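Quick one: structure below, then a few questions.
Think of it as A, B and C in the order they're written, each chain with its own count starting at 1.
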Amino acid sequence: MPEYIVEENALKDFLQSISKGRVLLSPQGVGDKCQITETTPDKVTLNFTNTHISPKTLFFPQTEWLMSFQKDHSKPHPYVYQDLGDKAKSAVVFGIRPCDAKGLSVSNKVFQNDRFTDPYWKGKYESVIKVGLACKDPFPQCFCVAMGGSPYGATGLDVLAFPSEKGLGLKPITDEGAKLLAEANLKEADLSSELKSQEEAAIKAQGIPDDYSPIDHRGLLNLFQDPQWQSIAENCLNCGVCTFICPTCHCFDIQDEENSEGGVRMRNWDTCMSWLFTVHGTGHNPRPSKTERVRQRFMHKLKYIPMKQNGDRGCTGCGRCVVLCPVNIDIRSVALRMSTLNMQKQA
Amino acid sequence: MPSLEETTQKIRETAKKALADGKAEVVIGYKKGTYPLSTAPFFARTPEDCDQLIWSNFARINLANYLPGRPGKVAVVAKGCDARSIVGQVAENQFHKDNLYVIGVPCTGMVDNNLIAAKEQRPYRDYSETLDTITLKGADFSTEIKKEEVLRRNCRTCANRTPKTADELVGPEVPGAQADDFADLKELHSKSPEERMEYFKDLIKDCLRCYACRNACPLCYCPVCFVDETRPQWLGKSTDPMDTLTFHLLRGLHCAGRCTSCGACETACPVNIKVREFNRITEETVMDEWGYEAGLSWEQKPPLTVFQPDDEASFIK
Amino acid sequence: MSEFEPKIVAFFCNWCTYGAADLAGVSRLEYPPNFRVVRLPCTGRLNPKFILEAFKRGADGVWVSGCHPGDCHYIAGNYYARRKFIVMHYMLDSIGLEADRLRFSWISSAEATKFQHMATDVVEHVRACGPNLKFRKAPLILGMEEVA
């Protein structure tokens, strides 16, 4: 597929064209207010670090009303269940970072696979065309390369945009992306060599990545029984910030809220850092202490998800949890310790 | 004032001595973080461990949080506010004073990373700090920021910077800052109820209900928090604004007469909500009504555990 | 449109105000029927979350009433309660709850007339505030209209 180029002054027209008949979503605001929101072409900027909280909110909002039910026998339909899932709107998101797109593709396999399909996720995920923005200058907290990604990675994207010498380069990834670009009436250009050299420079800018591959090679029980979890748990506050801001954390809690007429079934983000997450109706809790809960988070990200998703890790190196953890529990150090432990056990 | 390095040295010596003298089996302190402008809590159990302890302008988390329920003898590095929290925990029987050795660090305030982010948007991978300045080092720049300008707001109005209840001080006492005069709360009170409710609803609109403020708080040690109670369920789990407001109100009320303005809650908040605003209301109340400030001496009783027969409450008809 | 009738949740101490309400009834003193009473063993039992829960579920007003200071059945329960009320009162006032929506009072079991007057007064003040729209949870939208 050919690459395209959009000159800087034509960016607005391009965005106008791709958002025709669709909602345009793009990162807006700065710092802790930077979020992907509905916007107009003239407000789009390429000058943002990354969204403060991961863009999973687009497809998996913190609170989502799934359905309602009514229990009034005087009405003609005393037990009516009505689907209340967000009506999916056809949209294009411009400026999603490769780490987040990859993270969402991990969640996508959880919500849609050969065993289950979650209609609430599917509707929203599939009606949004994802135009990613490559990271020419990775940020200090970034470690996507170490996690097997790239600042120019295309996983989970329909189109990859990157800053080129002549303007904004666009590389279609999927058929849908190619169609979007073909309709936009753009100038074709061969940017493959520029793309390649940019990617190499950006990867280099992240420094020599840590090698986490030993985690993948067997050793599930070794990792599980590692005494390091206790020392990590000693620091951990179990606050759950890491799970709420993570692009791949997808656990939720189903709740019914009722009034005298009926009720609503909703799902809310949940966090494995909370003791309530696993407590049983009997009062028994299979993860009774911080140690088990901390272990669950890292094992899930770095071991269980790769085992289920052909080696794709549940961490994409966006660095949010590294920055926001109040007690500086750094997933990079944890992953490194998991790797070295595994090597020792095998040796 | 001793420099950060001198204080660090002193903390290490004191920690080693506390371990050697059997005053503690573990010293809870700070070590350098893995990310610029951060520290991590650190549990030193051997003299070698103690060499990792540091003092920094980023020692924001309140280490008293790790005390309740911890077995054995513990030494803990404490700022003025942390030492006050420890006094509160001892008063509430969460930790026995005999098992405690408080290494007090006279503190000149901790830095708010959000204020630094507002001053320097360019990415930096390295930094250095002295007692009064923070220097950020990027690819092609180096910015020096005065600590005074980026202090956390609770540190700016901290009148108790020296942990007077500590077992040992690692430096000379430092003068306190001008105490919080609650001027902004008084101004808020001159507004209409509608405006006030608008203000507080706006304050918490980004809340993720992650409860990091609760978990970072040294006072929040309940085995089951009211937000986690399910029989009955007091609080909905959704992002309903009223549920969120109820959480913040009740947290504020639970901390009444106990909060020491350590700012751990605001530091932990991932979306930078000024959660302490609720605590400040109760702080002002206990100050105005009973002239009480939490955790200043081992003898004082928390105001809600005692009463005077003639307590003034003219609003009760 | 009919006149707004406020819904008030009342928390009464078993040993005084609850008795006063009973005495007022036995004495055939008329008072408005707008409140639903929750009986407490002592006002010291009142947890702040009870008040917030009442408002959250849509109560237009809350009325807490117990024994006069010094008269507590458990000797000091209402003294402790009084300090809690002070903190609660300032907190809810500061965040912008109209002062008239939340009432605290001391009424002994002999004060049926005080109870009658207080009940009328509470209801009238809450009525003047109007329905509680801001300090309650948004009603659930069941979306049933489309189905029926």
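Odds and ends about this structure:
The working rule: a residue touches a chain if its C-beta (ideal position, glycine included) is under 8 Å from a C-beta of that chain, and two chains touch if they have at least 3 such contacts.
In this text, all values refer to a predicted model and were calculated from it rather than measured experimentally.
Set side by side, A-B and A-C show the greater C-beta contact count at A-B. Remark: the per-chain Cα centre closest to the mean position of all protein Cα atoms belongs to B. Work out the mean CA point of chain B and of chain C, and you get 36 Å between them. Rounded to a whole number, the gap between the C-alpha centres of chain A and chain B is 32 angstrom.
Annotation: 47 Å between the Cα-based centres of chain A and chain C.
Counting partners per residue, chain A has 257 as the residues that reach two or more other chains.
For chain B, the set of residues that touch two or more other chains comprises 236, 240. For chain C, no residue reaches two or more other chains under the stated contact definition. Those residues of chain B whose C-beta lies close enough to touch chain A in the complex are 33-36, 38-43, 60-61, 65-66, 114, 117-118, 121, 123-125, 206, 208-212, 214-216, 228, 230, 236-240, 264, 267-268, 270-272. Interface residues of chain A, counted against chain B in their complex, comprise 30-32, 49, 52-53, 62-63, 137, 139-141, 231, 234-235, 237-241, 243-245, 253, 255, 257, 266, 268-271, 274-276, 322-324, 326-330, 332-333. Partner chain B is touched in their complex by these residues of chain C: 48-49, 52-53, 56, 69-70, 76, 79-80, 82-92, 94-99, 103-106, 118, 134-138.
Taken in their complex, chain B has these residues touching chain C: 185, 188-189, 192-200, 226, 234, 236, 240-243, 245-246, 249-250, 252-253, 256-257, 278, 281-282, 284-286, 289, 303-305, 307, 309, 311, 313, 315-317.
Remark: chain C residues 139-144, 146-148 touch chain A in the complex.
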